[in-house]
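Two complexes come next, and they have one chain in common, chain A, joined by chain B in the first and chain C in the second.
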Partner chain A sequence: MDMRRPPRTVSDPKVRQVGFVTPSVAPPTRSLSDAPTTVAAAAAALSASSPPSGEISLPGSSLSPVMIPPPRHASSDGRPSAPVAVPNPASSLRRDSLRIRVGSYNASEVVLGTPPSASPSSRTDYTASEFSEEAMSPWHGRSGTAKVASSFPGSSSEMIVMKTGVVGGGGAGSTPKSPLTTASVVKTLPGISEKEREVLMGTQNDGAGASKTLKEKTTKAERRALQEAQRAAKAAAKEAGAGVKPSAASGSAVAANTKQGKVVKPPPQKKDGPQIAPPSGTSEKKVVDRPPEKDRKKDVPAPRMQFDDKHRVEKAKRRAVVNQFEAKNRVELFRHLPQYIHGTQLPDLEGKFFQLDPMHPSVYKVGLQYLSGKISGGNARCIAMLLAFREAIRDYSTPPEKALVRDLTAKISSFVSFLIECRPLSISMGNAIKFLKNRIAKLPDAMSESEAKSSLQSDIDRFISEKIVIADKVIIRHAVTKIRDGDVLLTYGLSSVVEMILVYAHEVGKQFRVVIVDSRPKLEGQVLLHRLVAKGLNCTYTHINAISYIMHEVTRVFLGAASVLSNGTVYSRVGTACVAMVANAFRVPVLICCEAYKFHERVQLDSICSNELGDPDAISKVSGRKDLNHLDNWADNENLQLLNLSYDATPSDYVSMIITDYGMLPPSSVPVIVREYRRENLWI
Partner chain B sequence: MWGRSASFLLDKRLRDQRPSLSSPSSSSPDSTMDPNPNPNHGVSAYYQTRAEHHAIVSSDWLAQAQAAVDGEGDTALMERPHASVAVSLSASKPFSVIDEFNYWRKKPDLAEAVAAIMALAAVIRSCEATTMMELEIELKKASDTLKSWDTTSISLSAGCDLFMRYVTRTSAVEYEDFHAAKLRLIERGEKFGEISMKARRTIAMLGQDFIFDGCTILVHGFSRVVLEVLKLAASNRKLFRIFCTEGRPDKTGLRLSKELAALGVPVKLLIDSAVAYAMDEVDMVFVGADGVVESGGIINMMGTYQTALVAHSMNKPVYVAAESYKFARLYPLDQKDLEPALHPIDFGVPIPSGVEVETSARDYTPPQYLTLLFTDLGVLTPSVVSDELIQLYL
Partner chain C sequence: MARMDFEVVVLAGGTSRKLNPLVSQEIPKALLPVANRPVLSYVLELLEASNLKDLIVVAEGEDAALRIGGWISGAYVDRLHVEVAAVPEGVGTAGALRAVASYLTANDVLIISGDLVTDVPPGAVAATHRRHSAVVTALLCPAPVSGPSDTGTSGGKEKAKKPVCCNIVGLDPTRQYLLHMATGAEVEKDIRVQKSILRAVGQIEIRADLMDAHMYAFKRSVLQDILDQKDKFHSIKQDILPYLIRTQLNSEVSDNGVVKSESGMDNISSQNDLRWLSQHREIAPSAFQEPHAFSLKSLPDARRTHKCCVYISSESKYCARLNSIQAYSDINRDVVGEASHLSGYSFSAQNNIIHPSAELGSKTTVGPQCMLAEGSKLGDKCSVKRSVIGRHCRIGSNVKIVNSIVMNHVTIEDGCSIQGSVVCSNVQLQERVVLKDCQVGAGYVVTTGSDHKSESLARK
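What follows is the complex of A and B.
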């Protein structure tokens, strides 16, 4: 029955692998994501550690994206000065990250003179220059420019350190002997004393910070500490006896330590990791882990820029073109997202046009349109961006002594980072950028510049027409089959595809009624209402407050989507989840209309990790109601935070069907499409 | 939910419209070739065929079935050329898919879809086309004819579509020699027919593992696949008990219980409304399927949905046995989203005037109420159906 997958016929029919099948590669682990497990140890270590120097106090550098940001006292003023932190006992996370740097990065920072940036996990961010992978991370894209301009004095050396950090951290993910695993071991052992934990922490940190330059820089005291630690480990191993293999590296050392009880306490500021981690472990790690590390860097999306990480925000700000002022009083849970006071940057940016020489005017124009909100909606933004890039490519000429493939990629990267500064990318744009970069990378060497340029331009045209325009037509064709005479269709907000579906169904002569549900502050539904009524459709307009009332009479819900993620979660305009849930409760089928190029392999479980924050003023002010002025000076009140989210995630349980250019699918089939057609989608 | 009254009216309107809609479409292909007198009026052709096949069991039927089971592939394939020769000899009239189809359909053990597949394979063989394109067009025409013969049968149209995909999506197009290409197509067609014929046995092998000693199985409707599974389990000396629903209106449960009793399996008959009452004792629910749709749900005899709902609410697994040629690219959103297959109901007493009777013969069971599907592709969760269909059609 199958022609696509010949090997399957050979395999046992009972056992079939469905979904993503990763060939023997361990699941991507973010190098320090298990950092919180070592919190207790860190707390203990802190008291014994050397007094915090200036760089140590930089908070939160190794936060993983889902963590709850540290309390406001340090960052509420919005000024990213680095206060000398008296570590707050309540914020264990920060202490943890702090502790890690004590172990691993003191030396490197002294030696290399790089600005003290972060722990390895956040540094990986800079290597992954393919930020389209990370569509929603706004600052991330600066890496491209940073590389090109090399304006950053320490950037290259930083890269080196970071790389070693990645080696250590990455290795930790897969090999059981590597130091990071010990951290988790620590957590699992119940009876271990604090000091032992500290030792373990030391090994962990040293492993992560291991670099050749560090080896020679050990001081006498450190060497002694090291020797003592080694001796202790050896003794522990002996005591553990035959039961534990001595070569089992730090893992076994941990086990042994627990038995031995008190160990000699090494000074916590030792910087010479490689030796303290048992030699077999380190060497093995270096040899074995290099090749997979390369792959992993490609596979694992770099952690998103976390905007509660003040240091990195500051750094990114220095490079930023667009001067945006961060909004005050941000909501705790969403502090990792960028938020700006809107409307301040536009004149400023306009004035800057002549300083930004590499920016193509068409890209500049699109950026400004994003900023002002003139272009919105997934497809519109994507098309505008692609057309701007097309123009930029047309006007592009390779500078002397540079290769088109590399230079143009860098150029596109700088464009993209500019666009990101104007507004965070949508997933559709991220996919389109990935496509474009792939096309550039795949250009044959022999091709002349003009040929390459025209081929790229036609590729962009093809992407727009095939993946967006024709895809929409196919979706419309499918969706109309689900509209029957007498139906009452509900839609939320403004989706270009849904609008086309409704108009087409009307043209075909179906008899139906439309309920347009809208919400403040954007009131996009009014645009849709205006257009549909002009076409002669029978419409009802209401706000989302009335959704449970109006749902009684509805027979189908049609919704658009900004993206569909591979667990079937629909990422769309905020309010969509609410509509879908109410519809599900009323047993009304929910149909999501989304082009397949917007599918993304990421999995998202909530709307918190990745989202976009809008202007808080938009929800505090009601146009036409001057009397509603209770929130006028809300920013002055410390205890008041306004949240204007732009997107939300609808769980797949509430979705009956996803209509794409590949037909009508259940949400469980999204990964199939991503798996089977992703390459095709991006490379055409 | 008073708002629903609109759709209630809509149903009525649809029902009124249907005859006028369906008659032109069914007569249009070619009325000379259409042996099916009334494809849509009153009773669905699909259920007519089933009724013919599933009439009260006679000894000769059993013998015939036995013969078919024993030598399924071989005899069928041996007989087949003979049949087409007979067709072409008996009248010098042009080859007709429908005749061929009817010939295969008469075999009681063959599913309708398999008959269609065999008929289509015969089309390739007897085709006088000289180019690939011509052949494909001819094949397409034949499959359309078959599909329009009975628009209510999901497996028939799905089988035709799958055959088209399977046969035409080969490298045969690259053959320079048309005859070589045609031979290849014939080969593939026959292979597909063979796979379809063996499907039931494969499913029985896979499905019987799920039957454990001492279990009680509730079966709704008469499905040859389910019967095959149960037969195999019984012949493997598994000890189990069957609850059969009555299966109104055509009493399919009676027939199933008869067959099972003959195998020595303890059977208890329930009326259809006793499903919830008996569900406490039941360990698993077994049903067949008229069609498996893209969501992973199934379309099956009326009552499957409620059985599955009851089973789901009592946390009993619901297993579906269905051949892969029943996988259809349909996606019903609710019960009304189906092409209705009508089946007259005999209530035994005259129906009072002015009372409407729901004559739809099947319902749609959404995937969340199904546990596993036993198919010849393996034991699948409902969500894999869409995976398979995507593999196949896109």
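What follows is the complex of A and C.
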């Protein structure tokens, strides 16, 4: 979720400037977290811009159109009566400070969930049991005025103190309004930060004695004036604050506000009086505005973890199950991808075998197998993961007081994050996880636990059979029609589907020859070669360096894929793009064999932003050639970085056809598959 | 469910003949003090640290079982859930397992010898076992260097420092699979490697510098089958392990097909599952992605195979078995010396442990890598070097103790000199006794002025 924040901070200021968002939205956190500084800043901003009369000063600091008018009027109304609590000397100054303090005060109040209008009254009532202890002390502090008032012209922090005093006093006298139902809201009080509380506590001592008398003096008019002033100042402070630093925290603050806003909404509406209407309006707007925005954010997929962001990497590490030691010299362009010192993770994870509590053994085993490279290949990894989840679901029992749907989803998520630590997910796995979670979420509430579990297990079985096993069979049938006698088929690396196609074509009696192109460091092609030769196929084996020579004789290229993206880009084992490009140059048709469950709606233009880094040692060492030791200890050389990419993206231009379980289609039709078949088949 | 689907069996043994006269009816091998703690505690604490708290301890002999059980219930109450089983003496490790096999339910069983002193996490062995879906995984550790450390000023001159060759191990080039294991008497004979295995792997690495640490992870079903079928099998190391290694290419073990190992616990796995799973294997290239050398092995399941894997601990880990008197003094020395983190004590600045209640006479020195337990008293002008002295010992003046182990309640009178020896509990050494490389059994009285070299003294 932390990944989502940056965009939010970026977008928030914009929204704010349009004037759509209530001023109370962003600054609260700021004024809460460090009230003095904000206020001071605001004070500075205001006093700089404001002419003596408060109302004129306000428009100067470009406020949101919606917000400003009511405060202006009100404040002008109330002003004459305000001085009661405050010494005369610097009315303009006082006004500013008033506003400012009020601003931050209001902000905190919003966080508290009390509507501005309601708060004074409840404040009055500070002895009322509705307020919790913590809540009380600040208010006590605020109600202290006398001394503070005298020290008024001093520093801004002093002003703050004074203001609070005034506010407190204002509420005290004669408010007929009942305390409302704020109690419940107050209890949710997390808003007041320690810091502020301290500040307020400090003030408490000063004014405790005098508070009563002052309270008595304030009239309703005063209070109203104060309120308006508060509102205006809050807006101003907020404005200033927004300029100073749009902090990441504002996002969370927004969320908090929205919540609180909802809670508070009813009371303000019930109230009467002109000055109350605007706030209720604002809070309403909060409620209305925010959720859609939230939803919007939900729709945007969370950006992948960027591993060049040190802060986040640190954070992620703390959560991580596997201790990860990052490799030192990483290639500049690929710093955002995770890369760890190879060989450190497995022993560490193995040592902790018995110490990870919530992990299901089979999930753990799959994780180990990912990490050690024992299971690789999109289908194999996906099946292994699903089977592990299946076992985990079978052994699952809902803990008391929890709902299966929620708890199991959380469990699966924790499994998934463990697996990600072992090795980044493939797209196929991502789709499978999405499917499973969707199934869990769609479980009817009435279903018993055992039924739910067995239904999920059969769902997983179905997914494996329909999306992988049967899909492969269909692909084979389709692909075989494209193989003619006398063909020379080229394949690259080791793709399970392509292997099955070749074997099947051989079994049905087609006469053809296979060219297996391979590449270091994995040399997966050798495995395929071994198996095909054992089955009696006629094979040629070569490395990718020779691709342009061997391509002359080739009539078809069959390639597997890790994923097919919606712009037709094929995401596959590194080297695939090269093969496809050469084939394209030689006018040899390139057929990609890929199950539809591996399709993804993402669009990717290069293989940089999303990829996986392998073990750099794998390319520096040549097995069987001990004399090639020039790259030993390469990690000690700061100027040397090795790049062992795992995947690359083949542009759709080089792809003649994609063979899926829904038939053979051109790469331009991938979005259709993604759109038409995803919803029906995966998610229902 | 057992943690991570593993159950733990600790084979505590009984009174080993090899360790005479140190062990007796009163002190079975498992309770032999190493740095003043029973050796079994090292295993139990290792397991506890790994969060394995449900254990089965098997002891040979009712007496031993009672004593071990009594000690465990005292020392580990509220910490571990231990069940102690007694088997008749002389049934061997296989027999001991046979006795408890019916209680085992988890998918895999971790079997640890009670005389192991190590800091290799058992989880690592278990994880390797799981990862490979192996039938058995053995922990191999670098063979310990035996003999007194060469810093020793005296003693053991003739015993050159040499690694004991206790096993001959054949590994595949990736050092993951166990292809050959010769133990005991076989070590001296010619090595016979099976041709079929050699052909399948292409290359075998034969090593003599690895020791079988007697920590195994077994697949429970396979273990039970073997124990049922082969009732002649006496020991894990001599019979079961070689049998599994020998037959790994041509598995006779009843139901340990790929399917089984993949599905884990399959009480409820229907026919349906098996179909999926087998298809999974068919699809997944991973089935064939073992080291290429092994690809022959994993060709169509005309022959059924199973895997015997190894986990080789790193050099930095300590690993030793208390299976001989030499090993006993070595381990004692190491636990207060180089592997001091195992002892669980905190060492003083002088790199030794002297209990506050111990009393030292004037001009008595206790060197580094020593341990002096509570209530022991040393007279004047004594010198203790690289030795462990137990509780409530009374040691007179002018006593020299070097490279030795003195257990509890030992009385050593003035002028004795003890080098490289083990003195058991309640022994009395009268004045001016000189012991060199001796073992003194419990309760023995060494008379005044006697001089013994490389002898084993015990009450008849």
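Here is the rule we use: the second predicted complex is superposed on the first by the 388 of 684 C-alpha atoms of A that agree within 3 Å, B and C clash if a C-alpha of one lies under 4 Å from a C-alpha of the other, contacts with A are read in each partner's own complex, and residues count from 1 in each chain.
Note that in this section contacts are C-beta pairs under 8 Å (C-beta built on N, C-alpha and C of every residue); 3 or more make two chains touch, one makes a residue touch a chain.
In this text, all values refer to a predicted model and were calculated from it rather than measured experimentally.
By the touch criterion defined above, A:444 reaches neither chain B nor chain C.
In the superposed model, A:391 lies in contact with chain C only, and not with chain B.
When the two complexes are overlaid on their common chain A, residue A:400 makes contact with neither chain B nor chain C. Within the superposed three-chain arrangement, the count of touched residues of chain A is higher for C, of the candidates chain B and chain C. With both structures placed on the common chain, the touch criterion links A:624 to neither chain B nor chain C. When the two structures are aligned on the shared chain, A:509 is found in touch with neither chain B nor chain C. With both structures placed on the common chain, the touch criterion links A:376 to chain C but leaves chain B unconnected.
Once the two complexes are overlaid on the shared chain, A:534 sits against chain C while remaining clear of chain B.
In the superposition on chain A, contact of A:485 is made with chain B only, not with chain C. Overlap of the chain B and chain C contact sets on chain A: empty, with no shared residue.
Chain C meets chain A in the complex at residues 1, 3-6, 50-52, 107, 121-124, 126-128, 130-133, 262-264, 268, 272-273, 276-277, 279-280, 283-286, 288-290, 292, 295, 299, 314. Of all the residues in chain A, the ones that touch chain B in their complex are 1-5, 13-16, 18, 482, 484-486, 488, 552-556, 586, 589, 591, 656-657, 662-666, 668-669, 672-673, 676-677. Here chain B touches chain A in the complex through residues 1-3, 6-7, 9-10, 13, 162, 165-166, 169-170, 195, 202, 206, 294-296, 324-325, 329, 331, 333-334, 336-337, 367, 376-381, 383-384, 386-388, 390-394, going by the rule given at the top.
The touching residues of chain A, when paired with chain C in their complex, are 347, 349-355, 357, 359, 361-362, 364-365, 368-369, 372-377, 379-380, 383-384, 387, 391, 394-395, 461, 464-465, 468-469, 472, 494, 496, 499-500, 524, 526-527, 530-531, 534.
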